[in-house]
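First chain A sits with chain B, and in the next complex the same chain sits with chain C.
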Partner chain A sequence: MALLQDNFPTFLQGFGYTLLSSLIALVGSMILGTGFAIMQIMPQKWVRKLGNIYVQIFRNIPLLVITFFFFLVVSKYVKMSGFTSGTIALMLYTSAFIAETVRAGILSIEGGQMEGARANGLTFGQAMQHIILPQAFRVALPSLGNQFINLVKNSSILAFVGGLDLMYQGNMIAANTFETFGTYMIVGVMYLIITLPLSYYIQHLERKLKQA
Partner chain B sequence: MSMIEFTNVEKYYGNFHALKNINLKIDEGETVVLIGPSGSGKSTLIRTVNGLEEIQEGQLLVNGFDLHDPKTDMNRIRKNVGMVFQHFNLYDNKSTLENIMLAPRLVLKRDEAENKKIAMELLEKVGLADKAANMPSELSGGQKQRVAIARSLAMKPKALLFDEPTSALDPEMIGDVLDVMRDIAKDSSMTMLVVTHEMSFAKAVADRVIFMADGEILEDSTTKAFFDNPKEARAKKFLSQVEHH
Partner chain C sequence: MEKARKRQFGIIATIVLAAVIVLGLLWATATAKKNTAHQDTLARVEKLGRIVWGVKADTKLFGLMNTKTGVPEGFDVDIAKALTVQISKQTGVPLSAQFVPVSASSKMQLIKNTNIDGSVSTMTITPEREKIIDFTKPYFDAGQSILVKKDSGIQSVKDMNDAKYTIIVVVGTTAATEIAKFAPKAKVLAVQDYATGMQALKSGQGQAMSTDNAILYGFATENPAYHIAGGTFTHGPYGIAFDNHQGPMVRQANQALATIKKNGVYNQLIKKWFSDVPGLDWHSLEAK
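Let's look at the complex of A and B:
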């Protein structure tokens, strides 16, 4: 307890950066992921190919490698902090998985509805927005929830590039106080404070959408 | 004036020659029934009319627009050409009423109060006013198809395409759907192209019958001439097969 009291501002700062990085990466990866999911089912073959290449690259390279790429390579040309490069890497990495999840959701919606909408005069975009995506998200929600939780936990990658997040601050405190057990217990609990409400919220959303 | 005009149209799926040298003119207000054995290209042909299938050669004019011209805006054609599918293709996440109101709202920017009034009138017309708030999953096949027809009519199209509209229905549901279609056919300005196996419907409603086999149009006759005295041997054989079951 004394450990928590003594280092509270540091823990709290780490908690805040983890939350901020997760939020930015979550919103960004949802937008990017949905975009690349749609690209992969567009009628134009080259657009599908492009979407697929993106997904394959970011899904199949370790998050740590992507993070170092931004922190060590890209930052030579565009100045960015560890927090920024880690968050961008987290966003791109997660977006590849979200693209696959959303794509699976879209494919589970019967193709006839797209055809019905197009024949009814809607554009591809309108059909996606009003008919296909709302149903695809509903189907994909349980796996999207998984991705979000993974994202929060993966944000600990920031610790490797001085991203000031919870894991980073935990490492610092442990190194200064030598109380490794207590420190990482607190760090673990603080991650739970983010991930547990998140997973309960997803479950709640699932139940609500089932009734609708 | 012709609403739909095929001139030497060819359609391929890879090496498969799906439509062979199609020449066909359908005038405004005409009701034309397309029949033929399965795999003859009927559905492919009807799906080319609103651009769901591309043609590779020839010319296809719909409402004055050339569908083979890449500059043609397909959505403009689809505003005027509705389609009813074998499997209804309703929007599962929208109520019956919303299914009908969505396209007029998004595409025609129709005023919301007027949109609702027209949608309710159409539901009345197809006998489903009491189902306005229901979801598609709560409707029977026949009811779904009547909603799909109302959805197409809400765009106030000049032409309606029906791709085997009763083939997926239980026998006792078919009558209601055909009644609605008969009603639409009475409207002298509506052009209808119908792929169907319902010969009694064809006899009662069609101005003309087109018989297709193996991707070709083998016969194009007035309804009476076709049923009384089909010219083609394959048409004769087909008629005897469908009429004896």
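Let's look at the complex of A and C:
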């Protein structure tokens, strides 16, 4: 407990950066992921191919490699901090998984709905936006929730590039106080403070959508 | 009926799970306590016939992994080998040396967990560390410096006391804590190991990397565009580390260290590793 009291500002700062990075990456990867999911079911073959290549690249390279690529290689040309490079990498990596999840959701909606919507005069975009995507998200919600929780936990890669997040601060505190066990216990609990409410919220959302 | 049975199953499952978790935690804390409790390192070493040394794997000149053979090589590694031979002579027990790569942040915990018996890993002797582990007498004289790009115009650490500069350090090193005293206004970027630190310096994530001069010399030899600016600003000799209260082991190591300093083995190793380093007066490192 003394460990927590003595280092509270540091833990809190790490907590804040973890939360901030997770939020940015979550919003960004939702937008990107949905975009690439739609690309993968477009009627045009080359658009589908392009979406598929993106997903395969970022889904199959370890997150740490992507992070170091931005931190050490890209930053030679475009200046970016560890926090920025880590968050971008996290966003791209997660977006590939979200694209797959959303795509599966879209495919689970029977084809007749799209045809019906088009027959009633909606464009492809309108049909997507009003008919298909709302249903697809409902189907995909449980696995989307998994992705979000993974995203929060994966944000710990920021620690490797000086991203000031919870894990980074934990490493610093452990190195300075030599209290490895206690420090990482606190870090673990702080991650739970983010992820547990998140998973309960998603469960709650699932129930609500089931009733609707 | 069906519902009641389901509920019963649920309750039992919860109790069993909770019991497993509680017992597991109890067992883990008990084991951890047993491991941190007093264990005589020398007795363990003699019984098993080997000394497991923690050495660096990412630090040129001291301990660098040879990617072809998979064995770390450097001054620290050779010192550990020489000490093993010497301790073996002193105790009359045949001993072999084994090497485990450690990082700046992991070495203390590995000693505490008895994963390694001792550590020869560019480790500065500090009062804070001495509370938790035992050190031998110094085996190498070092001090903190900064490595900067030759055309950066930075002359010494004093020039870097400005919020526009970022200084790269490695988590768990003394340099990471000391730098705040010498350049309090500069930002600090802590990375996991020296190799990443050097890459980060090259890609402009910071303007300087700070750690012991001896380690920086290794990077300067490999990267001619970089040099050490302004000499050392701290003094922190390296010691060989063992777990706390290991008097017999520390005495053996000190005696072995004194012997290899006297019989010339130490100076041979200094010559082997440091005579080719540009800008370093390696004779000053020799044991007198």
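The rule is short, and it goes like this: the second predicted complex is superposed on the first by the 212 of 212 C-alpha atoms of A that agree within 3 Å, B and C clash if a C-alpha of one lies under 4 Å from a C-alpha of the other, contacts with A are read in each partner's own complex, and residues count from 1 in each chain.
Here is the rule we use: a residue touches a chain if its C-beta (ideal position, glycine included) is under 8 Å from a C-beta of that chain, and two chains touch if they have at least 3 such contacts.
Because the structure is predicted, anything quoted here is derived from the model rather than measured.
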| item | value |
| --- | --- |
| Chain B versus chain C as contact partner of A:N120, first or second or both or neither | first |
| Touched partner set for A:G162, first chain B, second chain C, both or neither | second |
| Chain B versus chain C as contact partner of A:I131, first or second or both or neither | first |
| Which of chain B and chain C A:Q56 touches, first, second, both or neither | neither |
| Residue ranges of chain B in contact with chain A within the complex | 50, 52, 75, 78-79, 82-83, 85, 87-94, 102-103, 106-108, 148, 151-152, 155 |
| Touching residues (chain side chain A, partner chain C) in the complex | 68, 71-73, 75-76, 79, 81-82, 159-162, 168, 171-172, 174-176, 178, 180-181 |
| Contact footprint of chain A on chain C as seen in their complex | 32, 104-105, 108-109, 128-129, 132, 171-172, 176-177, 189-192, 196, 199-200, 202-205 |
| Residues on chain A engaged by chain B in the complex (per definition of touch) | 109-110, 112-113, 115-123, 126, 130-131, 134-135, 138 |
